[in-house]
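Both complexes below contain subunit A, partnered by subunit B and then by subunit C.
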Partner chain A sequence: MSTIPSGRRPKHLTVGRIGMYCFILVCAIFFLMPLYVMVITSLKDMDEIRAANILNLPKELSFYSWPKAWSQACTGFVCEGLKPGFFNSIKITVPSVIVSVGLSALNGYALAFWRFRGAYFFFGLCMFGAFIPYQVMVYPLLKIEDALGIYSTLPGIILVHTIFGMPILTLIFRNFYVSLPIDLFKAARIDGGNFIKIFLYVIIPMSAPITIVAVILQVTGIWNDFLLGLVFAGRDNQPMTVQLNNIVQVDYGVAEYNVDMSATILTSLVPLFVYFISGRWFVRGIAAGAIKG
Partner chain B sequence: MKNSVEVKNISFSYGKTEILNDLSLNIKEGEFMVLLGPSGCGKTTLLNCIAGLLDLSDGQIWIEDDNVTWKEPKDRHIGMVFQSYALYPSMSVEKNLSFGLRMMGTAKDLISEKIKKAANLLQINELLKRKPSQLSGGQRQRVAIGRALVRDAKVFLFDEPLSNLDAKLRAELRYEIKKLHRDLSNTMIYVTHDQIEAMTLADRISVMKDGLIQQLDTPKQIYNKPANLFVAGFIGSPSMNFLKANFDQSNQKIILGKKQIDISKYENINNLINDQEVVFGIRPENINIEKNEHSIQCKVELVEPMGADTLVWTSVEGNPISIRLEGSSNYNLNDEINISFDIKKSSIFDSKSEERI
Partner chain C sequence: MPLFRNIASMIALLPMIIISLTVFVGCIIYSFIYSLTNSKLIPVTNFVGFDQYERLFKQRKWDVAVENIFIYGFVFTIGCLIIGFLLAVLIDQKIRGESLFRTIFLYPYAMSFVVTGLVWKWVLNPTFGLENSMHMWGFSWFELDWLVNRDLAIYAVCIAAVWQGAGFVMVLMLAGLRGIDEDIWKSLSIEGVAKWKSYLFVILPMLRPMVVTAIVLIAAGVVKVYDLILALTSGGPGYATTTPAMYVMENFFSRANLGQAFAASIIMFISVVCILAPWAFYEFYLRNKYAAN
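Coming up: the complex of A and B.
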C-alpha cells in the first residue's frame, strides 16, 4: 500500500552529493595547506625547522618570530622589522583610496547622468585604460614624475596609485549609476539640484554598496602592490610588501624561515581583515524604496 | 483665457531617430491637459521637453509668458510626478518633500509650514518620519505629488503617475488628482496611455501617434466625433466597430457585401461621393437590438456579461460586431437577432485618408 507523500521534502544523500562534498573538502585542504604551513612554521624555533618536518605541529610553541618580524628583522642595513613598512603602506593606501574612489564616483556619475558630447569616447578610453597592463606605462610615468619633481616621494606614489585605480573604478561607478532609476535624477533636477548638489545629496547617499566594493578593491590592490611601490615610492616610503621582500631575500647569514612566515602573515593581515569585515556589505540592498516595491 | 504653456514648433530627435517634428500645443491657464497615446508615440518625450529634461533640436517652449526653452528645469515653475515615484530612498518623507525648498535656500519655518499644508492636503501627516521603503505604492505616489505641491509650481507635470498601482488604488488616486485640480486650479499636463484616466481627468485630450497630435479636443468630442480611424479605435473600451463599405449615393446607403445600411441621417452625408470606399464606425452602445425596416439579421456568437452591462458579439458579413446591452439582458448563443445602428452617433471615415467625413 502506497502512502500519499505529505510534509517536508525527504532528505536524500546521493553518491553524487557525497562526491561533491569530498571534492569541496579536497579543494579546501589544498588552498588552506600553505596557510597551515605558514602558521605552524612561524610558531617553531629554528632547530625544529631544520629538522625538516614541514607538516608537523610544533613540539614547543615559540612566539619570538612575531615580534622580531614586526620590529627587529633586518631589511638591508636597517633592522627595524616591518613596522616602518606597515605605516608607509597606510600612508600610501589611505589617501590613494580616498582620492581615487572619490574622483571615480564623480566621474561615473557624470558619465551616467550628464551625457556630455564625447561621453562614449571617454567611456571607451576608460575601458582601454582599465585593461592595458600597467607595466607598459611605468617608464613614461617615471619620466613624467621626475620632470614634475615628485618621483620617489609620498605624493608621487599616491598619484600613481590614484591614476591606475581610476579607469576601472570609474567604470564600476558608472555601471552602478546607470542601473539607478533615471527618474530620481530627473526629479532632483526639477527640485533644483545642480551638478554638485545632486551628487552630494541624492547620489552619494545611495552609493554605499558600490563604494564599499570600490574601497575593498582599492585597499587590497594598493596594499598588495609591489612593483609600483618599489619603483615610485622611494627609499623612505617603501611599502610593507617591498620591505617583506627585503627581509625574505637575504644575501648573507641564515634564512630565518619562522621570521619570514610571521612577516608574510603580518603583511597579508590587512587585506584578510578587509575581506572578513566587508562580506556582509556586499549583499546590502541598493536603492530600496526608490522604485516600485 | 491666457495660455499657461505654449509649445511652439518643437522638434526632438534621439541621434537620427526623429521623435517629435514641428509640434505645437497651447495649454490654457488652469487647464487639465492629457497627452494620450500608445507607447512610443512621443508623449513622454514631449513632457520631458516641457520639463527641460531633454534639449530641443528646434522650436521654443514658453511657460507663463516666459521663454524657458534653454532654462534649467528648476527655473521653469514646474513640479513633476513620475511613474516610478522617484523618491529619494535615503531621505525621510519630510526630507523628500523639503528637498526642493532646501536647495532653493528657503527659510526653515516657511518650509515646515508648506510641508504641513501639503501633508494635510494629501493626508500623509503620519508618514512624515518614514522612509520611502516603508510606504505602500499609493502612499509613495502621494508623497511624490506632495513634492510637486510644496514647490508652489505653476504647472504640474504627471508622467503616467498611476501606472504602477493596482486597479483599486488607481481609481482612488485618479479621483484625488481630479479633486486636487479642482481645489488648486493649477495648469496640469498629464501623460497616460490609459483612456479611462484621460476621459475622466481631462479638460482637453491630445491624442498622439508617431510624434504627431492626431486630435486635440474635449473628451466628449474625441469620444463622439473622433477625427480619424486611429483615434476612433484607440478611444473606447470595448472599441468601436468598423465595417468596410462602399457609398451608394442614389440610395443614401452604404453597401457591404449583400447587406446595406441606410445612412441618410449621417450629419456630413453631403461630403460623401458616389462609390467612395469608406469605413463605417459605430460604438457598441449605439447598436440596438430591434426589428425595423433598416435592421440587419444576424446570430449571437458570444456573450460577455460584465455586471453593469453585457457585451453581445455577432458579425455582419464576416466583420465582428460587439453590442453593449444592459446587464440584465439575456441572450444565448445562436439566438437570431435584428440589429439597427444609431446613424446620428456613428462615424464614417474615408478608407484611404482614414479621416472622418
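Coming up: the complex of A and C.
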C-alpha cells in the first residue's frame, strides 16, 4: 500500500468544517422552507391560518382542504377542482412525450449515421429554435394551427409540445448516437440492414439510457408548462398548471389559503415524484440538455 | 450513390426540416412583417413602417418592463451563479449526507414556475407570511412587504427564481468540479495554497466553459420569464413587475393590439440573438478553429 497522500487532504472536524456544515444547513433550511410552509398550510383550517404563525405546525390536523382542492375548488363559474386539469395534463403529457421522444430519436439517428448534404444546416436551424422566446412564435403558430383546423384541440397542443421539445431532444439523441461505436453500424450495414431495420433492431435496443433521460426531461417539462397550455390547449383541455393558477387567482370570494396550497402541492406531485424516483437520471438529463455537442 | 442511399434519412428528417422552416424561421418573418403594420384585433397588411416600434419605445409600461428584465436578469443570473457555485463547492467537500443535500437543493428545479410563484406569494404574503411570523416572535421592526412595494416587488420575483434555479447551476458546476484532475489538487496542496484561494483563482477559471454555458442558458431563460411573474405578482402592484414577455402577451390576447405585440416580440427576439451570437461565435467558430490548429 502506498503511503503517498493522494487526493484532497483528509477530513477532520475542524472549526472550518463546522462552519461549513452550519452554512449548508442554513441553505437547506432556505430551500426547504417553502415546501414546509406549503405542506403545513394545507393541513390547517382557515381560522388557524389567520390567527397563527405561518411557520407553526398545525395544532389540529385538518384534511378539509385536500378533497376541496381536488374536486370542488372554483375557477370562474365551474367548481370542479383540479381533477379535470389533472386528467387533461395526463392526456396532454403522455402522447406529447411519446411523439416528441420517438420523433427526436429518429432525428438523432438520421443525423448521426445518415448525414446528407444540408442535414446539419437544418439541425442548426432547429437548435436555434430552442432559444427563440415563445412570445415570438405563439401568434403565428396559432394561425398555422388554426389553418390546419387543430387550434384549441388535443392534437394541437400535442403538436406544439412536439415542436418545442424537438431541438433539445434531437440534440441529446444525436450526441448519444454519435458516441456509439461506428463499427456496430458498419457491421449492420454489411449484414444488409437498411435505414429502418438498423433503427428498429440495432439502435432502439441500445437507446434505453438516453430515452429515460429524454422522457424525464419531457414529462417534467410538459407537465410544468403553463404558457403553451394556456394558449393552445383550449378551454376543454386546460392543463393542471393553468387551472391551478385560475383557482388561486380568483378575484372574488374569501381566499382559502389552505385550499390554494393543497392545489399547489397536488400540481407539483407528478414532477416531484419523477424527480425523487429518478434522482440521478434527472441530474443526467439536466447535464445532457445543457452540454452542447 | 450517396444521394440515393440517404433518401430514407431525408424523409425521416422531413418533419424537423418543415418545423424548422415554418415555425422557427417562418414565425419570425411573419412577426416581423406584421410588426410593420397597424394590425389591431386581426392581422392586416396596412403597412405603417416602424411606427409600432416608435410607439413601443414611448410607452412608459415598456420602459418599466425593460428595466425590470435588466434587474431580474442581473440579480437572477448573479444570484444563481454565486449560490450555485457555493453549493457545488460545499457539496464537493466530501460532506456527510451529500446526496440528501443535493436532493434538497435541486428539488425546486423540478417544479413548475406557476407553483414556485404561488408558494412564494403565500410565504411573502404581507398579512400572514414571514413578516407576520417575525412580528409574532417579537421582531416588530421587521419588514417584508416586498410584494406590495412597487420598488421591491421585482426582487421578490428574483428570490423565488433563484430559489428555483440555483440547484441547476449547482449541478452544472458540480459536474465540472468532479472533472477536475486530482493532480491539480495535489500540486495546490503541495504549494500550500489556501482552499478558498484555490477555488476562486485556480478552479473557477478552469470551469469557464461551464460558467459560460450556465450564463447563456440562464440568460436565454430570463428573456422568457412569464409564468413565474404571472403567478407571483400578476405584473403588479400596478404594472411595477411587468416584463417584455407579459407586455407581448397582453397586447396579443387581452388588448387586441397585435402590431404592438409583434413589435415587442421582435425586440425580445433581437435581444436573445444579441445574448447568443457572441457565445455561438465562440463555441462553434473559435473553438473549432483552435481545435483545428
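We adopt the following convention: the second predicted complex is superposed on the first by the 267 of 293 C-alpha atoms of A that agree within 3 Å, B and C clash if a C-alpha of one lies under 4 Å from a C-alpha of the other, contacts with A are read in each partner's own complex, and residues count from 1 in each chain.
Note that contacts are C-beta pairs under 8 Å (C-beta built on N, C-alpha and C of every residue); 3 or more make two chains touch, one makes a residue touch a chain.
Keep in mind the model is a prediction, meaning the values are calculated, not measured.
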Subunit B versus subunit C, judged by how many residues of subunit A each one touches: C
Partner chain in contact with A:144 - subunit B first, subunit C second, else both or neither: second
Partner chain in contact with A:183 - subunit B first, subunit C second, else both or neither: first
Partner chain in contact with A:27 - subunit B first, subunit C second, else both or neither: second
Touching partner for A:220 - first (subunit B), second (subunit C), both, neither: second
First (subunit B), second (subunit C), both or neither touched by A:59: neither
Touched partner set for A:276, first subunit B, second subunit C, both or neither: second
Subunit B versus subunit C as contact partner of A:192, first or second or both or neither: first
Doubly contacted residues of subunit A, that is, touched by subunit B and again by subunit C: 287, 290-292
Complex contact set, residues of subunit A against subunit B: 181, 183-184, 186-193, 197, 201-202, 205-206, 287-293
Touching residues on subunit A, where the partner in the complex is subunit C: 5-9, 11, 17, 20-21, 23-24, 27-28, 30-35, 37-38, 41, 49-50, 53-55, 103, 106-107, 109-111, 114-116, 119, 122-123, 125-126, 128-129, 131-141, 143-144, 163, 166, 170, 194-196, 220, 223-227, 231, 241, 244-245, 248-249, 257, 260-261, 264, 267-268, 271-272, 274-276, 279, 282-283, 286-287, 290-292
Subunit A-facing residues of subunit B, complex: 48, 51-53, 72-74, 78-80, 82-91, 99-100, 103-104, 131-137, 140, 147, 151, 164
Interfacial residue positions of subunit C with respect to subunit A in the complex: 2-3, 5-6, 8-10, 12-13, 15-17, 19-28, 30-31, 43, 83, 87, 90-91, 93-95, 99, 101-115, 118-120, 122-123, 125, 128-130, 132-133, 136-137, 163, 167-168, 171-172, 175, 182, 185-186, 189, 213-214, 217, 220, 223-224, 226-227, 230-231, 234, 244-245, 248-249, 252-253, 258, 261-262, 264-266, 268-269, 272, 276, 283
